[in-house]
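Next come two complexes built around chain A: one with chain B, the other with chain C.
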Partner chain A sequence: MTDTAITISPDTPRATASHIGTAGTHVHARSRAALRACAWHLAPWLLPALLFLLWSVGCARGWIAPQILPAPQRVYDTLVDLALSGELARNTLISLQRVLLGFAGGTLLGFTIGGALGLSRTLEAWVLPSFNAVVQIPVLGWLPFLLLLVGVGEPLKYLLIGHAALVPVTLSTMQGFRQAPAALDEVARVYAYTRWQRIVRLVLPAAVPTLATGVRLAFTKAWLALVVVELVASSEGLGYLIVYGRQLFQLDLVMASVVVVGVIGLVINRLLDALEKRLRRGTPSAFRA
Partner chain B sequence: MRPHRVLRYLLCTALALTSLYAAAEKPTVIRIGVAQQGAGDPPTFGGSTAATVQNQQLLEKEFAADGIKVQWLFFKGAGPAVNEAIADDALDFAYQGDLPSVLARANGLKTRILLESGVRSGVKVGVPPDSDIKSIKDLKDRRVAIFRGTNLQLVADNALAANQLDEHALRVINLDIASSLAALASKGIDASVNDYHLYRLRDQGLARIVYESQHDGPQFTRQAHLLVLDGFEKAHPDIVQRVVNVFVQAAQWSSDEANRDALFKLWAKSGVSYASWQAEFAEQPLKYRNSPLIDPFIVARYKAVAQDALRLKLIRQPVDVDSWFEPRYLENALRAQKLEHYWTRYDAAGKPLG
Partner chain C sequence: MRISLARRPTRPVCACEATVETRRRRVDLRGVALPIVAVALWWALSASHVVKSGLLVSPVDVLRTAYEQAGSGALVRALLASLAREACGFAIGATAGFLLGGALGLSRIAARIVGPSFDTFKQISLFAWIPLISVWFGLGDAAKVVFLSLAALLPVAAHTCDGIHAVPRKYVELANALRYSRLQLIRYVLLPAALPSIFTGLYLALIHSWLATLGAEYLLVAGSGIGNLLIDGSEQFRMDIVLFGIVVVGVTGWALNALARRVERTVLSRLHIANQ
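Showing the complex of A and B:
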């Protein structure tokens, strides 16, 4: 899983390279720049490719027992089987539904709590310490208690996933709401903005980038929590496929599920990343980095 | 002789010598995996010949003079977790249930079954005391906890099938033994497919047992065994024989009705109460449950488990059962201890053989 990976823009090196080139070496510099841009695009794939190679060679040479780490081909076959039988789609949909509901709930609550804490110093003094103490308890720590409270049904999953998403969103919202530049705040005062105007025109736009980062982090946390929650008590979903594979001693099923979990996490992370960039572009120019 | 041939000759001799040496060399420790969580300090378990061996420290005594230590390793994840340890070569012997071992064999783990340790055990279904569930039939569309991949699962599947149901007709939740009991006590589930651990909940007034599979006949029971890893058996046949000797001796002690009281007290050290063991073994001769024999009934049961597992798609290729048993050590031990006729042999249908 990529934990809010920092994506370095491929444009940066190309832009600097083309400026350096003088008129005579312009063509040469351009091709070199193109090559370097290409390398930038390929770089993230190098490590996975190396790991994959190690995995393939390790299996072919028998460095690891096939019962522990099945060969890539076997995992691929299992993946195809899963996809064709409809099991994959069914379990993925269930997992996505859980994570979206839990994530949406946790994020909304996080915006509310974080916004309130960000706007009111009094509330912060009263509530934040307790909030901080409560969020220090990991998702799994809540499990035995929640298991008794709400049982092993769907609400348990929504609660735990929501909890995972709540924390980053609350903290980033609170921080984001504090970021309105002092100079603009003064201007707002001069224009006698109401509290509401100040929030909508000043605080919110300034908070957008931080909020977006918080939401993205929250999704990663929610996705991780989903797998943990499904590992413990469920009878469907991607996390369950992992446990089931383990209990039936079909490590290829485990690996196939892990791959699906990773790919979906990556894809959604990329989507949120694009969304975040979009939001940043939408903010007034005064707030651009 | 050409030089490289000399070299090869030397290499072969050296290899042969090292393998001879390796075979003769005694291990410093014997590692036995137990497909149970274990309780207490040091952890113990109950309910089978293997438990008697462990509680009475019979193997520790047997190998003390050789300076060989005996390690009992407990697995909360039960059979499936034991399989992982076997794949990792982290065990020499294992006390395992029928289905998990079949799963392991289907996936290419090389083991031999030496003797049975705890046979014809029933699977029980517990429900909250005020539940309206009266029989297996009532489980339809209910939240039922089953520990998948253990030998509880297949018996439960068969009991469901006998009532024209299957796992899809239920809302199955995959929980381990302890979680399943906790969920039942808190009424988080409608029913728990479980073992003798349910008696404690029943005696505390937290559960009612609505079904015990052994009443439906021996084909609705599960078996457990002692197995050895192929590599260990080849390297140390003498140690395997001594381990089996000890197990047979313990099986005899555990089968003697004169020891019924002492046996349950011994097993009660595992945290499962004396009363639970009394209930588990009520109306059944100890010999019937603690027989180590690999008789036609046992072979037929393992074959049925392998077939059912394939039918239910728990495994993807058929498992050869016949070549799996290695009764040689058991036969030696029975002969040496003059116990050849001590236990009754049963045919494939579970009827006593003449």
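Showing the complex of A and C:
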């Protein structure tokens, strides 16, 4: 939620404070403004706090059966147990290894295919329609096929996660390679750039923001694919912990694992956000939109 | 009074158009070459019996399975079951998402209170919720529809909110100068200006909920649907069923895409709103 919103909503606290001019109410006004600023900063925590309160009170009073929603304390205890026994670290490492290897493979392949398609119109004409047709089939559609072809082992996970990352990277690389500004392209022609120089000095820098967006999207998709494939076909990993807990009706285990999945996804997303911003700042201003 | 943002330009008819048209047709032919070669190779491989595996079915087998599935009505039943759930979940999720996104976009207080929680929730992998949803709503259609509507809600809410935030300030200033009431501002300025973005959200929601339909059918196995067809085929080692199912999934996804694009184009051109 950006603060650049056009709005009809109340003014920011600072603006209100300056409206009140008289000396007598000045201190009063300032404390009220401070209060409002405080409320403004705390507002995002209101909803989570309320939900958490409802959850813990509901469980303590017995409004909610523990088979349906275990108490927060139990979820926390399970989380600590998991962490202390080393189960959590083991399964998390397996999941991370899968997602990182699959993601790296898919991204590299995506750069290659997307770069080739972006640079050569001929190749695009031959290959792109087939690529588009294959892309129509979601990762989940390939799952039963690959399950038959390569079995339930590790290759299945790497292939699916790699495929999930490959598609957005390929498409954005192709698009990125096409958007070298026409004016700079003319300059490059005047300077008689070789093909290689044109790619390195012109096409690549212009493509960086689009590439960053593609990689970012690719990671989101890879993480999603990891969770799905571990839920459907796996005997270790975070997704497996969720399914295992569900089968034993240990909802505390399920919720603890969901929390871990959520936190890891969130942290990596934030990291990539920062990286993307960095990359965008690094591009020469001529390439900014 | 209505602010019409931009008129859709009428297509110029000129000589260059014809050459573009013919070139595109030739491009299409080149694009078909690769799939034809792939199918021919596949056929040759399966006919030559070099690889002795029950998994290597020939294209003819797949066609036969397709014919059987379509003829016996199994395909129609599965597809209808999936699409009915998809439509139901999409309708619920898109409506709720539109309302939520509208609230987030229009009110700064709502955005401040709900926004960060929403953003966090958005980034958690949706499929991780399926086991919990299955405990709370069972394995039947109710659980699937809940999951689908969640999948549809997120993109619609995010894009509705973004669309309203991206409305140029000058439009709002003009509306203020004309003393529009709040309702008029929403009806004649904000909604039309945010519509392209809202459509992007709806379009994404359609794709996500189709994906979620498959996922829900894999993970909540009760009932029938195209996902169950695929999983059953996989469990019975019937590669022909799996391949046929994949094609059906791909074609359905493509058809949903095409439908969404078509509706978007029609509505936007009716309202004289240019898509960015």
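The rule we apply is simple: the second predicted complex is superposed on the first by the 223 of 289 C-alpha atoms of A that agree within 3 Å, B and C clash if a C-alpha of one lies under 4 Å from a C-alpha of the other, contacts with A are read in each partner's own complex, and residues count from 1 in each chain.
Convention: a residue touches a chain if its C-beta (ideal position, glycine included) is under 8 Å from a C-beta of that chain, and two chains touch if they have at least 3 such contacts.
The model shown is predicted, which means the values in this text are computed figures rather than measured ones.
Legend: residue contacts after superposition of the two complexes on their common chain; A:W223 is shown touching chain C, with no touch to chain B.
In the superposed model, A:S120 lies in contact with neither chain B nor chain C. In the superposed model, more residues of chain A are touched by C than by the other of chain B and chain C. Within the superposed three-chain model, A:V243 lies in touch with chain B and with chain C [touch as defined at top].
Of the two partner chains, chain B is the only one touched by A:S235; chain C is not.
Of the two partner chains, chain C is the only one that A:V261 touches; chain B does not reach it. Shared-chain residue A:Q73: touches no atom of chain B or chain C. In the superposition on chain A, A:A65 makes contact with chain B only, not with chain C. In the superposition on chain A, A:G141 contacts chain C only, with no contact to chain B. Of the residues of chain A, those at positions 68, 147-148, 232, 243, 246, 249, 251 touch chain B in one of the two structures and chain C in the other.
Partner chain B is touched in their complex by these residues of chain A: 65-68, 147-148, 151-153, 232-235, 240, 243-244, 246-251. For chain B in complex with chain A, the touching residues are 77, 80, 83-84, 87-89, 100, 103-104, 106-109, 143, 148-150, 171-175, 179, 182-183, 186-189, 314-316. Within the complex formed with chain A, the chain C residues making contact are 27-28, 30-35, 38, 55, 104-109, 111-117, 119-120, 123-132, 134-136, 161, 164-165, 167, 169, 172, 182, 185, 210-211, 214-215, 218-219, 227, 230-231, 233-234, 237, 239, 242-243, 245-246, 249-251, 253-254, 257.
Chain A meets chain C in the complex at residues 1-2, 4-10, 40, 43-44, 46-48, 68, 125-130, 133, 136-145, 147-149, 220, 223-224, 227-228, 231-232, 239, 242-243, 245-246, 249, 251, 254-255, 257-258, 261-262, 265-266, 269.
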